[in-house]
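Please read the structure below before turning to the comments.
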Amino acid sequence: MSISGFIGQLFAIVLALALAPLLTGWVNQCRAWLQSRSAPPLLQPYYMLHKLFQKDVVLAHNASSLFRTAPFVIFACMLLACAIIPSLSTDLPFAPAADTLALVGVFGLARIFISLAAMDIGTSFGSLGGRREMLVGFLAEPALLMVIFTTAMISQSTSVATIVETLAHRDFIIYPSLAFAGIAFTMVSLAENARVPVDNPATHLELTMIHEAMILEYSGRHLALIEWAASLKLYAYSCLGLALFFPWGIAEKDNFLGLIGAIPLLLGKLAVGGFALALIETVNAKMRIFRAPEFLGTAFLLAVLGLLVRLLLETRV
Amino acid sequence: MPILYSIDLLLVAACAWLAVGLAGLVAPRNMHLVAKVLFPVGAAIGLAAGLEALFFLGEAPETAVLVIGLPTLPFHLRLDSLTAVFVVLLGFASFGISIYAAGYFRQGEGASPGLLCLEYHFFLASMLMVLLADDAYAFMVAWEGMALSSFFLVTTDHRHEAIRRAGYLYLLIAHVGAIAILLSFGVMTGGAGDYTFAGMRAQELPPFWASAAFLLALVGFGAKAGLVPVHVWLPEAHPAAPSPVSAMMSGVMLKTAIYGLLRVSFDLVGTPLWWWGVVAMAIGLVTALFGVLYSTVQSDMKRLLAYSSIENIGLLAVGIGLALIFHAYRMETLAALAMTAVLYHCLAHAGFKSLLFLCTGSVLHATKERSLGKLGGLIHHMPWVAWLALLGVVASAGLPPLSGFVSEWLLLQAFLFSPGLPHSWLNMVVPVAAAVVALVAALAGFAMVKFHGIIFLGQMREPNLIHAHDAGPWERAGLVWLAFLTVLLGVLPSTVIGLIDAATQQLLGTGLAGKVAEHGWAMLAPISPDRASYMPLVFLATIAAAVLLGRWLVRRFYHGRLRRSDAWDCGYFFQGPRAQDTAEGFSQPIRRIFEPMFRMERHFPTVRDEQPYYSVKVEDHFWHWLYLPVARLVEWFSGLIVRVQGGRIAVYLLYSFLTLILLLLVARP
Amino acid sequence: MSADIPLSAQLINLCASVILLLAFAMLAQRRVMQLINLFALQGLVLCLSTLVVAVTTQQHHLYYSAGLTLALKALLLPWILHRLVRKLYVKWDVESLVNVPTTMLVGVVLVMIAFNVAQPISILSQTISRGTLGIALAVVMLAFLMMITRTKAIPQVVGFLAMENGLFLAATSATYGMPMVVELGIALDVLVGVIILGVFFFQIRDQFDSLDIRHMERLKDN
Amino acid sequence: MEFDLFLVLLAIPLVSGALLTVVGEREWAPNLNIIASGGTFLAAALLTADIIANGPRFALGEQFFIDSMNVFFVALTAFVGFTTSIFSGPYMRNEREHGRLSAPRLRLYKSMFQLFMFTMLVALTTNNMGILWVAMEAATLTTVLLVSLYRTPASLEAAWKYFILCGVGIAQALFGTILLYFAAERVLGETGNSLLWTHLVDVKGSLEPAIMALSFIFLLVGYGTKVGLAPLHNWLPDAHAEGPTPVSAVLSGLLLNVALYAVLRSKVLADGAIGGDFAGNLMMGFGLLTLLMAAFFLGRQKDIKRMFAYSSIEHMGLITFAFGMGGAVANFAGLLHMTMHSLTKSAIFFAVGHATQKTGTQLIADIRGLIRINPVIGWGLMLGTLAILGMPPFGVFASEFMILTHAMKYYPWATPILLLALGVAFAQIFGKVQPMVFGDTHAKRLPHAPAITPVFLHLLIVLMLGLWIPPYLTRWFEEAARMLG
């Protein structure tokens, strides 16, 4: 573990913590532009987090210890995810701790905790949200895993760092499988981050909401942590997508200059990605909840198809 | 030369278990003696056996021949690394379960304590003998003894019709399975008539007969393990038994079937053919998917877990299939990867499933209720059970950093490297199988959230749940032990793989230990860290640090103030327990998405109903596709045959007469 | 048959033929008293045939056999049966035999089968009466057939006893009789059997009000 | 001295049978019955020890011959007879107090029981194939009286069918015996030894094959009727179900064995004369047919004793099949299975007897929750049933294992049939017995405590033999198996 690696790792984590709310703010702003609304300030998420942290926690009488622990666990999971996804450099000392499969596991762990926390109060919306979250999860998770499988097969590794290194330094070969995987990944990301067309983070329309239904009972610092974790998740997914499909510019081992250079590149890519997300959210309509399995099923099938395409067309026999 | 070989010590353990069981009969009604003396002694024996096997791992096999048995075939015993791995599993899991049982069994529940003690320890001893047996007769005696003792344990509370039916179905399928196993042994002797395992190893079977032996073993051991379509007994029998017994059956007994399958397909039958692996994998996938889907829609907490066991057995079969495929193509390193995944998952499942079943036992004792629809909010009165169950739930959902994830990770790694197979068709199919495994793992999460969320969280669905109490000290100790194992298996995979690698070595000639050991105890990198690595301890430490640090920072920079109030719930005023999801409601999306997989009977309320209600009953397709037709066929044939006994003496005489004439005319030397 | 068959053999063959004839007669006989009489007659002819063998071969124990046959089969058993019939008031019982000609036809087929089966063995016989083995087997089979076709208890028992006659014929014709101790044992068994059956008849009539065995069809599985 | 021992063995049941007839039903009559049976068992045990030590011997001239094969059956018969007499003491007393049996009937029962034992012992020990026949017929006669003991319409019907069918059957056996004599006389001459087994065995190779084949067919059909081979078995369920339970126990446990013993003796001769597999194939065919039919019969039974009667048929089929295969291992297995079946089935009938007395019915549907009325009987029936179904560690499994493995080796085509039958039998019997033993009930207590010792004594022996067969027993079985060729 080199010093530069360690600094890079620490920097990546701090950057994630700092940038994640900004990304959320950026997406909201882009969306407002696209929808011809007047946009909230770019730094609105920071204000909100600060305000929430200051507020008292109002806890339902029925809330258990699990309810109070969950936000911290979820936040920690997302932080870990951000720590192992190469955003600036592939030289991450934490990376061997968890490969892509473990990354999916981290998201799964967070999902289980948030769903359980949602069921803890015992309200109608809470359990509804928990159930729907698990519904989305059980389809999104294997789809994500299949996407990862496709990339892992190309690079013969499940380690995120190795995948990125391989993909970034390959000779220019068109991988049709990656196209499938990319589309599937986008669909999964939309679902996982509670975006239109699967969910809408902006409303509390009780019959359609998923994520918001789960966190209805949270308040104060708990809600702040969950919101922050949600931002981190969006950031993590964005970075993962960028790392898998647009890996150019991510610094390698012992390349401090590259690290410096990677920052603006990352900001640029995130900005474009955020805009794309806002665009997708704008041009699509929210689906009925029972269309969501179809949507995610399609993602799953696309990912499997990508895998098959990889095996059929791209392996040298 | 040691004075006492390990195998002798294990034999002593089996005898000691039997003795403990028989001691229960001395004072069959003395609850105190049985619970506070005999069960702990049994637990200690289990721990000792487990430790003994643990230290034995990697040593040269030991054999023994006993005086008992058939005159031509006395009991042959053998202790090798494969056996030792499963003895470790048996010993360690049984230690926790026995400790728990010491606090669990109460007076006046079904059979007398002494009898229970006998059946329970007979069960343990027979499982140990199954693992040690080295000839067909000893194996079958132990195997059926295991079935028999567990049957009596299942029917402990035999006053319920459903439990009797469950017991019947269980023993019947176990017996049919045993017949298949016996046949498989018979085929493997290759006509030489040597029924020792050594004799079977020595036989070189032609591919047809080898395949027959493998398929028979798959059916026979599958019937015990719960592979589709011979799984139907499992969701009936496991919930029927008292919880420690369910734990023992799910956690340990099913693994003896896996042991048998491994023993036959990798040790006794000789070189496998590649398509065996495909068959095992296909059945495993169907089983896993079937098990997890049915698990999500159950309304009885123990049935939910039982179906989850079916799912896990399916995953194990997938792993065995993968190992077989690799082994058949002589890709031993990958075979070792899959085999390690299988063995690891056996250990992991033994830990977390026993833990979960024992938790249901505590819930059952505290509430007298098994139906999910009548539970809820128990975390307030049973924090110990709830939090320990959460560990089991996370492990069972295959999530890091607990034990279930490690084995799933290893299995997926094995899948990832399958494209090296010299068979293009397989190359296509195997990754799709991986997709199904991924789906199963995700669905397992769904089922587990339902299990934990509905039992322990939310509002209490029945008013009497307020009297629920947490598990007693004995029960708690058992739970903690199993939870400890689950965590240990989750965070120290390299160490554990180093231990169980002896079995992989024995079966495949190569193992992972060398590679794994290169990277130290904290990192698991079975091939190389570039390709895949996992450091659960770092993982766990990071999350724990983040949680604690986050908590501290928040309090440091802001405050820790907290108020209690009514729930918000978007302002709805009705917030009674009925507003929560029921068990059926929670799984409604699954039922809807996978509708063809279930056979459902639903009743919808109509406007005109005086007392409107909604009900849904999910049934197993296989009952109607396989079992009922077979039963009807037998019934029909019986109806045909009994006409022979029509009551008329003249007809009887005619039979005799015709037999005689026929023989006189036809039979010629 | 050639002319060099000794007279004794011819006599034995004649007796055997008569026994076979009587067996057919019993097969077709409907009335119970007549049936018993035919049975007695068969016993008598059997005794005669045994006597002929005894005289021809000078086997002493065959004299005892003949005496035993006479006493038991021609006298004692018919007497017991007569008594039973009278006591049970079934003197006028008539069997409702279905289709006597068919039964006879089946009987003829049976005789053919019996002869066919016995043929290769008869050739091996060193006794003077070797042809009679086939007849004995035929008598056994006809008695069997009779038991199948009868629906009353007493005729069925008569059929059973007629079967013993066939067996006895076989014993004398093929082997000049079994060892004495065995024959005595067989005779004792038959006698005890008939006595037990006699007791049975009363009990059956008490319980079923009839000796029709078609009443006894309640123990069945279908 | 040893001469006397054998005479004692035969004399005890004969004399006590006569004595019990004369003295009638007294307070001590059941005890006399037990003492007599115990004495018989003692004599049998001593005789067995003697034979093991000194080898086979003749008795009463050459008319009786005791070798290691039949002394094994003698010991078994005397043992089961003894335990049955212990069992029948309280059982019959209960029957009397229920008003089902009167004092004269009890007298008849006891004397006939002793005479039945006598006929069986004679059948087993005789050296003369003719006397074997006589004793078998006498055994039929005594048991006919025992079956009809209740004098109910059903028991009379059963006894009548038993008598007629077995009478006719055994008549075929007589014809077979005559043919055997006929064949033997050609070789041995008119020495009067032509029915003596010891002489027959010496010359079996030179007996005329054609005659012996015919003879064996008749003997097989004849004695096979008594064994209960399908389709000659029809008398068996009726007789078992309608007789008193101790009689069912000895019918299943002993009479069938003795009949099979007669078939085996015939088979040895037939094999010697004909060579090849003629006799063996016939027996295998009958065995499989019997096994299969009995298994499917089981499902439709409503009467518990009737069901276990079919189970006896099933096991007789299996044993016949085993002996049909021949060879040292199969014969060993067959003998072992006969022993196991005798012990287990009689134990089951003891338990069933008590159960039916407790509940006052033989209908399966009406017997429930035995384990609650009387745990010992309930467990006895449960364990006995599991034992008879071939569950390890009981000894029935040991013999079934040997039969199955032997069949797999030499007659693989038969294995599926065997397994199908065993599987179906398991499903049917266990499905019916389990609800009888388990569940709730309200049945009354009995005036006389049941005799439980025999049940568990038998099961204990069966259990022991499943795990460990003592070496001397093994040697003994092996010797007997070798004799069977």
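By letter and in written order, the chains are A, B, C and D; residue numbering begins at 1 in each of them.
Please note the rule applied: a contact is a pair of C-beta atoms (placed from the backbone, for glycine too) under 8 Å apart; a residue touches a chain by one contact, two chains touch by 3 or more.
Everything numeric in this text was worked out from a predicted model, so none of it was measured.
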Comparing A-B with C-D, the busier interface by C-beta pairs is A-B
Here the gap between chain C and chain D, centre to centre from mean Cα coordinates and rounded to Å, is 31
Distance in whole angstrom between the CA centres of chain A and chain B is 35
Rounded to the nearest Å, the gap separating the Cα centres of chain A and chain C is 101
Cα centroid separation, chain B vs chain D, in Å, comes to 44
Among all residues of chain D, those touching at least two other chains are 160-161, 164, 168, 210, 214, 237, 297, 300
Touching at least 2 other chains, the residues of chain C are 117, 144, 147, 213, 216-219, 221-222
Residues of chain B that touch at least two other chains are 639, 642, 645, 649, 653, 660, 664
Every touching pair of chains is listed here as A-B, B-C, B-D, C-D
So, in the complex, the side of chain C touching chain B is made of residues 110, 113, 117, 141, 144-145, 147-151, 213-214, 216-222
In their shared complex, chain B is touched by residues of chain A numbered 53-54, 56-62, 64-66, 69, 72-73, 75-77, 79-80, 83, 94, 96-99, 101-102, 105-106, 108-109, 111-112, 115-116, 119-128, 130-132, 134-135, 137-142, 145-146, 149, 152-153, 156-159, 162, 204, 206, 216-217, 220-221, 225, 290, 293, 300, 303-304, 307-308, 311-312, 315, 317
The answer for chain B against chain D in the complex is residues 67-72, 136-137, 140-145, 148, 155, 158-159, 161, 164, 167-168, 171-172, 175-176, 179, 182-183, 186-187, 189, 191, 193, 195, 634-635, 637-642, 644-645, 649, 652-653, 655-656, 659-660, 663-664, 667-669
The residues of chain D that touch chain B in their complex are 160-161, 164-165, 168-169, 172, 209-210, 213-214, 217-218, 220-221, 225, 230-232, 234-235, 237, 274-276, 278, 282, 293, 296-300, 329, 369, 371, 386, 389, 391-393, 397-398, 401-402, 404-405, 408-409, 415, 419, 422-424, 426-427, 430-431, 434-435, 438-440, 466-469, 471, 474, 478
Touching chain D in the complex, chain C uses residues 117, 120-121, 124-126, 137, 140, 144, 147, 153, 156, 160, 163-164, 167, 170-171, 174-176, 178-179, 181-182, 185-186, 188-189, 192-193, 196-197, 200, 203-204, 207-208, 213, 216-219, 221-222
